[in-house]
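Here subunit A shows up in two complexes: once beside subunit B, once beside subunit C.
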Partner chain A sequence: MMELVCPAGTPAALRAAVEAGAHAVYCGFADETNARNFPGLNFSRQEMAEAVAFAHARGAKVLVAINTFPRAGDQALWHRAVADAARAGADAVILADPGLLAFAAERHPGLRLHLSVQAAAANPDAINLYATAFGVRRVVLPRVLTVAEIAAINREVDVETEVFVFGGLCVMAEGRCSLSSWATGLSPNMNGVCSPASHVSYSDVQGQSEARLADWLIHRTAKGASVPYPTLCKGCFTSADGKGAVQTGHIFEDPVSLDATQLIPALQRAGVRALKIEGRQRSRAYVAQVVRAFRAAVEAAEAGAPMPESLLASLTEGQAATTGSYAKTWR
Partner chain B sequence: MLPQVPLPLLPPLLPLNLALSRLMRGIVARHPAILRRLGPHATARILLDVTDAPFPLLFEPARQRVSAHRRATLPTADAVIRGKLAAFLAMLHGGVDGDALFFSGALAISGDTAAVLALRNALDDAELDLSEELLALSGRAAPVLQPALALVARRTGLALSRQEGLA
Partner chain C sequence: MDLTVGANAFFWSAAAVRAFYAALAQTPVARVALGEWVCSKRLPFWQDEIPHAVDTLRAAGKEVVISSLTLITLPRERRQTAELAEMGLPVEINDLSVLRHLPDGAAFWVGPVVNVYNEGTLEWLARRGATRICLPPELPLASVARLAEAGRAAGVAVEVWGHGRAPLAISARCYHARLHDRAKDSCQFVCADDPDGRDVDTLDGRAFLTVNGVQTLGRAVTTVAHQIAELRAAGVSALRLSPHVGDFAGVVRAYAAALQGQTDLGADLAGLMPGATFCDGFLAGQAGAAMTGG
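Right after this comes the complex of A and B.
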């Protein structure tokens, strides 16, 4: 059966994920070493050790995401996170930075290494380099590939591949996107926050709801209508349309979320080992509901049964879902 | 004949506010991780504007204080969360996801978004059960209060207890 890798931003969410049927849970420490460094989220060292014990007692794994890029002069923070994850009994660490991968491979040779989506390794040569140089055992593929491209990669690599199947959809080459840095000075790559909440504001202006990121107006909707979280890649912009006029719309991507439930059999045939659910910043209610639905889906795929109809649209941004790049049609 | 001295008017919200703050202190004592998770955001003043309740509530976590206010004299706040009582209670008890409520327009926020997120995440991790907290506060009245709370939950459909197993 494909492994279901589920998010947990808090110990309560981790327990909810395990009880709902997660094979593995990924989480991070409460600092800049992980790419979901949001207020009130993440694990202390003691909470991490307790979470690992809880998961292992129920047959689930814990993968610790240390997937931001260490700042020059501050590498000790990231080195300590790797050591503490190993000490807590983590089943693997999810890393993106080559220097940190080298450190982990050298200092913690028994620790299983997964390559974070933040490394944006999107072709067999890049993946094989990480496998050969650092002993990486699994690669989380960026959300810019089609199913056919994933199958092509799996034919040429010896490591496991993991793909996102649900949740917030990053449409950029992850780890290389500078949109959040440009607008706020903070990024998921260095600080663990894309469009940080400290720079987000919502307000009602002349009967309409506005969402801003660092004073940039990103969305304006009718009052009472859904207001997406203001990320630049899913913002509404006015730009030249290339024909001498202007267009207003979601230039890069609509504010929708990924739901690849119906593609699970195809991903299985493509050789994917693990399916990942996004959402460490979400509540334990989200985690329980999504994990339960996807556990049923991977069991159905294993049995060769049809995929269950997804009932998760209400949990998604924009209240709508997409299959993203997996079945891409360019406009 | 003694002169008539007007009695000071006791603000009618005072008893409610004393009870709310006592409840808050009890919750913080039993769930100290809430303040730790809030970190620097514990000093934020967050107004819960429960639109179908008579009084909006001002949360001041660092001062371990909750106070009810009249809509005509709302206090200043760093952030405001606006929604219906059923939505707040369901979110508190793990029955629904706060982001999903926000995406659907059932919850609206303004002001310090980071403080709102910190509060949401801290409370979600605490796995609070409002009925348990009220019973812990009620002492010898607990045997009477317990069935009363269950009756209110049944009659109103409000989630007054933690959702076991989650929906």
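Right after this comes the complex of A and C.
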């Protein structure tokens, strides 16, 4: 059966995910070593050890994401996170930075290494490089590939592949985006945050509701209508072509989120080993609901049965769901 | 500290490419990276200019390397990448996967879109043959100083993004095509209409970003005009200047004069690029779009 890898931003969410049928849970320490460094989220060292014990007792794995890029001069913080994950009994660490991978491979040779989506390994050459150089055993593929491309990658690599099937969607190559720091000074790579809540403000101006990131206007709606969270790449902007035509709207990406439920059999045929659900910032109730639905889907795929119709429409960001790049319409 | 001109981000005609490198050869730039690093579909339209530009620049005493693509997913893109290593020039890698195509022990440069954030990664790249690294534009000065120090110890020259619209993101999706309601495969090369990229403003009319096919850049022009002394003190080896339309050769000369301490670079740039907005926030540890003035 394909492995279902589920998010946990808190110990309660981890327990909920395991009880709902997660084969593996991924989580991080409560600091800037992981790419969901949000207030109130993530695990202390003791909570991590307890989480591993809880998951292992129920046959589930714990994967620790240490997937920001260590700050020059402060690498020890990231090195300690790898050592502490190993000590807590983590089944693998999920890393993105080559320097940190080199450290982990040398100093913790028994620790299983997964390559984070933040490393943006988008072709077999990249994957084979990480496998050869660091002994990486699994690669989380960037959300820029079609199912056919994923199948082609799996024919050329010996490591396992994991793909996102549900949740938020980066339209930019992950780990290669500084849009957030352009506007706010804080980025996913350096700080583990994107379009951070600390820089978000909402206001009503002249009959309209506005959402800003730092002082940049990202969304504007009629007053009373709900204003989306101002994630930069999903904002509304305007662009003139210099010849009189002006386009206004979602220049980069519509506010859709990923739901690849119906593609699970195709991903299985493509040789994908594990399916990942995004959302470490989500509530435990959300996590439980999504995990249950996807566990049923993975079991159906294993039995050759049709995929259940998605029961998750109400949980997707905005109103619309998309199969993202996997069944690409924009190439 | 000296000057490197990076590969052009935009889609220019073959004639524009030829004129650009002919003019650049007459400037005091020490070295040049050239090649298509944004979109593989553009390369056939101007690749015949590459040997000509290499000859022109080398005849003028410039060191020249060939730049790789940034995002490599298609079989065609992997083939293009493999062919780079056969051109007889050192390669500037803009994606780590390019390393798989280089001969063992080959020296290479690392472009500004490879994630070199710390000493560990710099040292790993140095062990693999890196001799020059242009750091990611979002790094603050404190990190730049640490990396320049690590570079000295490892025999790697460290550059910073000195001038030009900073590359902020790369996508498999083409925003130029999307703006024209076209799919990427039938883009009809609309990005050629915007030789400095296409402006993206906020809904309240503030200049914000620039789209360039699959790449997104900052709209304000990054400049280290007011930070040269700090960068020199930090041990930075070179400033990376990024091509744009207008009097780019004049821009290179202005930076060269500034490195000699001969000029007010901020004022020079304002004169050379009328209407441009400048920024320097990343190095100061602030929002990249901010202008601190040093």
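Just so we're on the same page, the second predicted complex is superposed on the first by the 320 of 331 C-alpha atoms of A that agree within 3 Å, B and C clash if a C-alpha of one lies under 4 Å from a C-alpha of the other, contacts with A are read in each partner's own complex, and residues count from 1 in each chain.
Everything below uses one rule, namely that a contact is a pair of C-beta atoms (placed from the backbone, for glycine too) under 8 Å apart; a residue touches a chain by one contact, two chains touch by 3 or more.
Just so we're clear, the structure is a prediction, and the values are computed from it rather than from any experiment.
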First, second, both or neither for A:163, with subunit B first and subunit C second: neither
Comparison of subunit B and subunit C by subunit A residues contacted: C
Partner chain(s) touched by A:260 [first = subunit B, second = subunit C, both, neither]: neither
Contacts of A:5 with subunit B and subunit C, given as first, second, both or neither: neither
Which superposed partner A:100 touches (first subunit B, second subunit C, both, neither): second
Which of subunit B and subunit C A:144 touches, first, second, both or neither: second
Touching partner for A:13 - first (subunit B), second (subunit C), both, neither: first
First, second, both or neither for A:272, with subunit B first and subunit C second: neither
Intersection of subunit A interface sets (partners subunit B, subunit C): none
Subunit C-touching residues of subunit A, taken from the complex the two chains share: 69-73, 75, 96-100, 102-103, 120-126, 128-129, 133, 144-145, 149, 152, 171-173, 175-179, 181-185, 187, 189-190, 214, 216-218, 220, 233, 236-242, 247-248, 251-253, 325, 329-331
Of all residues in subunit C, those that touch subunit A in their complex: 70-73, 75, 77-78, 81, 95-101, 113, 115, 117-125, 136-139, 142-143, 146-147, 150, 166, 168-175, 177-179, 183-185, 193-194, 198-206, 208-209, 211, 216, 218, 281-282, 285-290
Of all residues in subunit B, those that touch subunit A in their complex: 37-39, 41, 91, 94-100, 102-105, 108-111, 113-122, 124-127, 163, 165-167
Complex interface listing, subunit A residues touching subunit B: 9-13, 16, 19-20, 38-41, 196-198, 200-204, 209, 224-228, 281-286, 288-289, 314-319
